[in-house]
Amino acid sequence: MKLLEYKAHELFKRFNLPCSDGNVAVSLDELKSLKGKVNFPAVIKAQVQTGGRGKAGGVQFAENDAELIEKGTNILDMKIKDLPVNRIFITDKVEIDKEMYLSFTLDRKHKKTVMIFSPEGGVDINEIAEAHPEKIVKVLINPADNIDDFVIEYAMDKTGLDRSYLDEFKNVCKKLYDVFINMDCMLAEINPLIIDKNNKIIALDGKIDIDDNSLFKHRDIRIFKDEIEENPLALDARNFDFLYIPVKDEGNISVVSNGSGMIMSSIDLIAKKGMTVTSALDLGGGATAERIKEALRIVASNPKVDTIFINIFGGITRCDEIANGIKSAMKDLGKTRLVTRLEGTNKEAGLEILKSIDADIQLADGLVNGVEKLAQEMLV
Amino acid sequence: MKLLEYKAHELFKRFNLPCSDGNVAVSLDELKSLKGKVNFPAVIKAQVQTGGRGKAGGVQFAENDAELIEKGTNILDMKIKDLPVNRIFITDKVEIDKEMYLSFTLDRKHKKTVMIFSPEGGVDINEIAEAHPEKIVKVLINPADNIDDFVIEYAMDKTGLDRSYLDEFKNVCKKLYDVFINMDCMLAEINPLIIDKNNKIIALDGKIDIDDNSLFKHRDIRIFKDEIEENPLALDARNFDFLYIPVKDEGNISVVSNGSGMIMSSIDLIAKKGMTVTSALDLGGGATAERIKEALRIVASNPKVDTIFINIFGGITRCDEIANGIKSAMKDLGKTRLVTRLEGTNKEAGLEILKSIDADIQLADGLVNGVEKLAQEMLV
Amino acid sequence: MSFFVDQDTRLIVQGITGREGTFHTEQMLEYGTKVVAGVTPGKGGTEVLGVPVFNTVLEAMEATDANATVLFVPPKFMYKAAYEAIISGVPLVITIAEGVPVHEMLKLHHLAKEKGCRLIGPNSFGIISPGKAKAGFMAHRIFMPGNVGIMSRSATNCYETVFLMKQKGIGQSTCIGVGGDMIPGSTFADMLPFFEADLDTKVIVMIGEIGGSEEELAAEYIKKHVTKPVVALIAGKNAPKGTSMGHAGAIVSPDGEGSAENKEAVLKAAGVVTAEGTEHLVEILAGMV
Amino acid sequence: MSFFVDQDTRLIVQGITGREGTFHTEQMLEYGTKVVAGVTPGKGGTEVLGVPVFNTVLEAMEATDANATVLFVPPKFMYKAAYEAIISGVPLVITIAEGVPVHEMLKLHHLAKEKGCRLIGPNSFGIISPGKAKAGFMAHRIFMPGNVGIMSRSATNCYETVFLMKQKGIGQSTCIGVGGDMIPGSTFADMLPFFEADLDTKVIVMIGEIGGSEEELAAEYIKKHVTKPVVALIAGKNAPKGTSMGHAGAIVSPDGEGSAENKEAVLKAAGVVTAEGTEHLVEILAGMV
């Protein structure tokens, strides 16, 4: 899960990374209560799960408490790319001498941690890579190891960062690496990592992406997950241990299946026939009739969905359970069309149940046949 | 370096191993000052670098302060195997239900740590191995790893130690492993590890042997090294960075050479000719005339030595320096006979110097020839 | 040591006393797999379905001379259990759990390689050599013996494939779930030398998907060292960038790394036949064996 | 990667700016060794004897394509320097220092094996291929080219041997100091396959000594895999039990483990000719080559 800036900042503080003080406000009352706590000039930044907030006016400066309240309220009232700004983050405006980039992330190919550093920063790392490839250094680190001094020195030597910053830079690297390892991060990034007018290295802004599968170890982070989840259907699905995947905005089909591979295969075949899937839902293993009903309800509640493709290859999952689930969901589904492919345990019993339902359910034999039926349905 | 019992006990306390309180005394005054600090009944144990103190009367029990002082003084006046008892260690007399054995040491063959456990203990591990081989379990541990719970459970299961002791036993294993790793031990042993009448596991007596080469990390231990060194010549040699090796008590020859391999080769050839080396001294690299002189003085100061075999294969060491050292040492050596073999840099100059000395110095060409000359000398 | 599971496999089930562990032990025994020991800390000395249970893998290994282990333990305990198996010297460790923390898998991946252990999974259905033995939870009734070797990141796509193969009378030598998580213990490229050497395998099927570089690394290996025909399927061609498709590993980076297009191009360049879907894949196979 | 040091060796000297490092760099350059880089943290950007100095091994490797490193660093810094070299991917790491803490060597021994690095020493004189190159501090003038491969725990016994060999006109293909400390990075048994495969080596000499099990493990390997004649010398036959003979590794356990008697018996059973001393060893060699 990607943390919002203020939450990343909180982690930086917790792991003693050098960064300026920050305050959060969600309302005018909270803004007012910050009086005396904020150092001016200050920066007010919208906290939203999307990029481009600067262009949208989501970053502003305040010279005093009055400006803070005026501009803060202003930002709290904004929407950025359709997302409401529920929270603002206020920090010191720092005098910047140099902007740099530092991150730790995974290298899937080598199955190692990779440290990425550039003495050029402040913009996206891909932009730096295009403009100054020679100013980016990447070093692989073995997952079980600490970050060694020589790795840090190598990064400095390669990019020409002055050795007078050795101790401060080592400190920042080690602390950010601590965040990366201890918080089970997919990405721990400081951008920009700045040198201020007093030659101090400071983490000005950061991105943290934490491995969802590790959240059982990080309960304090776990509770923020729902809060920042932008898709209510995904939230709804998670409560039933389903995985809801938004695919393409412009589609009208939803795929309900058991297993990630099967979902991808279904989407691929559907796309090949010129149709567009807008969402998919993975049931996981051993779905009961009751759970099938909930799954269908969730995907159908997206008004764009007019057709559901149910593709079940049952091993432990029994086809008659699936069919009963579909039956009991019918009254909630309205005009939504169903194309159903059942295979595996109790297939015949399942098909009998489906045939008994007084509704437009296309039954298919096999995945390819299912997609063909779906194409026919679309022509209707 | 092998620590005396009281010092091992101090480490056990430092690493929070469960053990009873202990007090040390070196004199009657110190014994008197322990009044009120000792729990009775108590055990008084002589602290000497040798085994068999029990048979020699070096372990006694005291029921009260008066007995403590009487028996303590008594032990402090003893000599055990010629070694004076300079220090006694006083601990609680514990009611023992069961005596066990636990140690960590090196397995040179596998280059790993080996944990050795037996629910039979109190005697030497080799005796246990002979009497109850099935009651000893050995497990290898990778040097870079922590000791895993499953290793400890395995040791319990294999030896049949009741699982009700799991938590306490884990605690003792982990703490002793901490001692082993953090103190750079060659051996960390608790024997006996006892279960007392209250079913508590307690470390009653321990042996700790610390890697001499690690002592730069353990300054507090380093200072005890000289104190327990029993051989004054070894101490004398160490001050000059020489290594003095006592070989056989009954010999009359001392070997002075540069390099451990060369010393062993010399002793082997000498023994093969039926002669006996009593000591050897390793000069190390780059000996100066002044240092050679000191080396000869040290080995000659053992009254048993009547002949010194000097075997130098010089690379960086120059033979003329060696010869000058021998020359200046002559007046200190009295009747000690010298057989000298020089080889390498400035050999000829060295031989010239030796020939100029008005004394009984046999010169040899090669190691085998040197040993032959030594044999001839012995016949004189 | 082959990674194949067959008559010579003497299997440990870690987590045998759990619901899943017991159920699948029964299934595996029924299929003919020699399950020789179970391990559950604290349950040592008991029995499950006649299989002796030990507290530690070390003791199970010593007592039974086992040579493989399958882990039916929840993802949050997977690291500890797999670590114990690797350190205890089990040469083949098969992990089932889905959703193991990535940092734990990174460590296990290298640990296994360093200790000479073959680690399969996580998020794997296991390994089956149809008609011989299985170690895992796969629905074994749809498999049948034959000479196609399959390795798959996805369980369901593999099931669909073998189901269709059976209809055409084509069987499998060995099927391996390399797993759908982001960091597999063993990769496609790690499996290839074994399939290449296996006398029972005539054709190799690789069921890959978007995300990561395993298919590209396999292509590199195939080009240099594989003489047997390889047929591949890449699922997820129409998945949106930056979104996981359920499998933690099935995610195309925002910059396009791990895309199906690239994988298919590289595979084709290595002489691999690529299929559009499972039915197409099986049609290709029908023309080959 | 052979562990031999020759014309193709591109050597890093770690600790090049120290007294010993500079002195022996000069000696090695004089002997024809390609010393391509030095490493001393904090001295990067300078030069020693025309050799560029870097702060890190990683940078030295990248800048010079080095393939070996020799460490002239004090024992207390050996662990850190060797660790850096291994992690940075240097395939051959030669360590000179005597008296490295045992626990540090235990870790390095396994780390090197796990990372596929050949670690030589500590307490080693290095490696020399007479007439070609040397990496270490050995007095190279006494060596001469020939077809005897020597591996030795002791520097002085090796010197004595090659000195006597020269008098008889017998030279060496490669001489390796495996080192006299208790835990060597590489053992006799590790070296044997290379000597067996080396076309320049006709006879293998093993100069061992009391303590440890390396000679026994070598005997096991020789019995199974070595076809070339092996001549061995075991020093320390008359050393007292439980006392180190100077080399930290040259110590017979109080229970007799590591004794010369046992080593000689096992070696003889493996078909190895054992010598009484260095002169005897060279006499045997004179009858062979």
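By written order: A, B, C and D. Residues from 1 in each chain.
By our rule, a residue touches a chain if its C-beta (ideal position, glycine included) is under 8 Å from a C-beta of that chain, and two chains touch if they have at least 3 such contacts.
All of these numbers come straight from a predicted model, not from anything done at the bench.
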Furthest chain, CA centroid comparison against subunit C: B
Higher-contact pair (C-beta pairs counted), A-D versus A-C: A-C
Selected from A-D, A-C or B-C, interface repeating B-D by over half of its contact pairs: A-C
Centre-to-centre distance between subunit D and subunit A (centres being mean Cα positions), rounded to whole Å: 54
Distance from subunit D to subunit C - Cα centre to Cα centre, in angstrom: 43
Chain centre separation in whole Å, for subunit B relative to subunit A (CA means): 62
Centre distance in Å when subunit A and subunit C are each reduced to the mean of their C-alpha atoms: 28
Touching two or more other chains - residue numbers and ranges from subunit D: none
Overlap residues in subunit B, where contacts from two or more other chains coincide: 142
Interface residues, subunit C side, partner subunit B - complex: 41, 44, 54-59, 83-84, 87-88
Residue ranges of subunit B touching subunit D (in the complex, touch as defined): 106, 108-109, 111-113, 126, 142-144, 181, 184, 186, 211-214, 216-217, 243, 245-248, 257-265, 267-272, 277, 280, 282, 313, 315-316, 343-344, 366-368
Subunit D-facing residues of subunit A, complex: 139, 142, 145, 148-151, 153-154, 157-158
Residue numbers on subunit C that touch subunit A, as the complex places them: 75-76, 99-103, 106-107, 109-111, 138-139, 152-160, 163-164, 180, 182-183, 207, 209-213, 217, 235-240, 243-248, 250, 255, 258, 276-279
